[in-house]
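These notes concern the structure reproduced below.
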Amino acid sequence: MTDSELAPAPAASGSVVAFEHVTKRYGNGPPAVTDLSLEIRAGEICVLVGPSGCGKTTTMKMVNRLVEPTSGRVTIDGADVASLPAVDLRRRIGYVIQQVGLFPHLTVAENVAVVPRLLGWGEPRITERVEELLELVGLDPGAYRSRYPAALSGGERQRVGVARAMAADPSVLLMDEPFGAVDPIRRERLQNEFLRLQARLRKTIVFVTHDVDEAIKMADRIAILQVGGVLAQYDSPDRLLATPASPFVEHFVGADRGLKRLSLARVRDLPLERPVTVVVGESFAAARQRLPDGTMWALVIDAQQRPLGWIAAHDLAGEGRVDAAMATPGSTLLQPESTLRDALSAMLVSSVQLGVVVDEHDAVLGVISVAAISRTLQDGAGSPPP
Amino acid sequence: MTEGAPFFRLDWVVDNLDMLAQRTAEHVVLTLIGVGFGILIAFPVTLLIHRRRRLIGPVLGVAGILYAIPSLAVFGLLIPVTGIGLVTAEIALVSYTLLILIRNGLAGLDGVAPEIVEAATGMGHTRIQRLWRVQLPLAIPVIIAGIRIATVTTIGLVAVTALIGQGGLGFVIITIGINRFFPTAILVGVGLSVLLAVLADRGLVLAERALTPWARAGSGEG
Amino acid sequence: MDFLAEVAAWFTDPASWSGRDAISARVGEHLALSGVSLLAGLAIALPLGLFIGHTRRWAGAVVAIANVGRAVPSVGILGLALPITLQLGWGIGVPPTLLALTVLAIPPIVLNAYVGIRDVEPELVEAARGMGMREAQVLRRLELPIALPIILAGVRTASIQVIATATLGAILSTGGLGRYIVDGFARQDYPRMFGGALLVMTLALTSEVLFALAQRAAVSPGLRGVPDRLPETGAGLAV
């Protein structure tokens, strides 16, 4: 997430979405959304998150008028959404729901083409757009175009759902737990791919989730809502974790706030330690000469600098040559893009509490230790909130 | 019936193939008119009660009453009003189909998964577009199931219209078979009627398959 | 309006209430025909359906019977019953009509009994067996009460069929209310025909109402909304 702030961002193709004192009441009961005011900047992902009953989905649905506010207004680029006929408004906004809702009686291509057809696009333009979108979401158009939803896996359906929402190139996307219906592994992949997509397209996205971790990962800014649709805090993930505005936010984000901040940092943000390395084929004597005093372990690498495992210093006594079979594997291999949180999780379950960082050719870049990550935890946590 | 006469006379069948074919054709026409008008009436009524749910009870109640009244009684009630003829017969036939067609039509529309309906609305379909492009296609299997039952039932009922002068296989069964004590005609008439019903049913199954190419897809992990 | 006055006149005419063709007599005949054949059909179809539903054997045959039953015109069954009873020496009139009506009552009752029992959740049945109930007890104390509404729906359907076909029995020279309609039609005595039709209609609707009430009463308060008829899914003809 920090990258996008450093590199020059592509021009946003999104609109500004604003809520102005929006309240939603059903009947005479307590309000579902209370006096909500916030502005989502163009090209940003705003994640609405909160406990059950906090009105996050209701809020999102007020953008495409599936729900109408009782008072206040919602605007897109300054224009009140109520000023357009609802049907026209919805054709300009992408909508992705948790169960995806692909039309079972239409092929993948026909599903993606739904809104363009509603808008009256010509056939050639539709065909081209469908191709483009399927490739964008990682599905080979040739293979998937004529398939029916029943023949797709859960992950494939989610992708088609995203493609379908983007078909008419809307400036605003509404996503209600879009990755909720797949398993965690697939979800992570879908999230990563979507973030990469967003980095290119920079749409304005209103994203609803109940999962705080997903919010932290996906959001440019997070809006935490309390029951009754009361805005508790609206901030970037970093500031939210560092300075929660109330006990509620603190509690909702979780006692492991510090740990969560590890999701914001990546392995490459840490200074890497240089391990002592011995190469396969080297003689014990040569290796011993290079070992600093007090070294317990050395990393065995091959000719391409790829790590094979660890060898104890005392095993290098006497005569002999370093052999691959002498290396004891046990370290997790990490990449520079991995989050510190994922790194820590992986390292804690391995037998050696050192993670070896490798580049895209699997060559060693350095090692990091659990201790180094812990230090980041302490430094980053800073002083307790007021 | 004379003792010793054979029960089934094939020679009569062979001699009267023309007549049998003609009566069968009449039977088919009467059925088509009945089911056709039944669908014509049931379709808008179904759409109406799908939208205004409060009408479901009364409409199904009326259809249920029409279904419960025996066809002969319906003739007895209608003849003083609509006379003896095709119209009376068809009114009776049509009123039988209504209950099943409306019930299945409603069940079919209600059976479309709610998230699909929501997705369609959220994407910007008008009510009518949503109905035509999403809900009705997905309701086809249940709707056709209703048409199958209505058709088979109607084929059985057409026979009774022979009593008020309509043709069809009822003429063979009743006028020739029963009134003249001729079992062969009864058997042939019934047999042809069942055959028609089977053909109609299978034909509609094929039609359903042709209209729902997506139903054969399923091979993903879900 | 004149016509309705004639109908009313027919009803109130004392001649209509005496003799073989009396309204009371015909109604009685109709009720007797319907009632006897319904009971006979129940006696045959219910145990059969319960057995098949409970043991799941010959289920295919049941579905086939029900489907064929729907396809064969009731007039045809009446017509076929005639030569059969003649061969058996039972005569015309009542015997073939009773035979036909009984045969017609069987398919809906068998089908609904079968489906009603079959659809009782297997876990419940297993639990009952696990508690030590014998098969007959499982059927009687668990499956039957749960399946009762659907079974009653089947009897209700059969009742309609029977009442309707009893009306048609007039063409076999049987008694019953159908006589008024058929004779009235033949003699162009339309008030009689209309009156007979009204009586049949009343009988049929009364049956419907009674069975609807019975179904409601039969549902244990513990069971939530049970469909009042067998859901007509794509059974169709399974030939």
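When the chains are written out, they are named A, B and C in that same order, and each has its own residue count from 1.
Quick note on the criterion: a residue touches a chain if its C-beta (ideal position, glycine included) is under 8 Å from a C-beta of that chain, and two chains touch if they have at least 3 such contacts.
Please read all numbers here as calculations on a predicted model, not as lab measurements.
Participant: Chains as vertices, touching pairs as edges: which of line, ring, star, complete or other describes this one?
Facilitator: Its topology is that of a line.
Participant: Identify the chain whose mean C-alpha position lies nearest to the mean of all protein C-alpha atoms shown.
Facilitator: Of all chains shown, the one whose C-alpha centroid lies nearest the global centroid is B.
Participant: Go through A-B and B-C and name the pair with more C-beta contacts between its chains.
Facilitator: B-C
Participant: Need the most distant chain from chain A, centre defined as the mean of C-alpha atoms.
Facilitator: Comparing chain centres, C lies farthest from chain A.
Participant: How big is the gap, in whole Å, between where the Cα atoms of chain A centre and where those of chain C centre?
Facilitator: Distance between chain centres: 65 Å.
Participant: Taking each chain's centre as its mean C-alpha position, how far apart are chain A and chain B in Å?
Facilitator: That gives a centre separation of 56 Å.
Participant: Whole-Å distance, chain B centre to chain C centre, using C-alpha means?
Facilitator: The computed centroid separation for chain B versus chain C comes out at 21 Å.
Participant: Under the stated contact criterion, what part of chain C meets chain B in this complex?
Facilitator: So the residues of chain C in touch with chain B come to 3, 68, 70-76, 78-80, 82-83, 86, 160, 163-165, 167-168, 170-172, 178, 180-182, 184-185, 190, 193-194, 196-198, 200-201, 204-205, 207-208, 231-237, 239.
Participant: Enumerate the contact residues on chain B facing chain C in the complex.
Facilitator: 1, 7, 64-65, 67-77, 79-80, 100, 103-104, 107, 141-142, 144-146, 148-149, 152-153, 155-160, 162-164, 169-170, 173-174, 177-179, 181, 183, 186-187, 189-190, 193-194, 197-198, 201-202, 204-205
Participant: Using the touch definition from the top, list the residues of chain A that touch chain B in their complex.
Facilitator: Touch residues, chain A against chain B: 64, 66, 87-92, 95, 97-107, 114-115, 118, 147-154, 156-157, 164, 174.
Participant: Would you tell me which residues of chain B are touching chain A in their complex?
Facilitator: 113, 115-116, 118-126, 129, 134, 137-138, 212-214, 217-222
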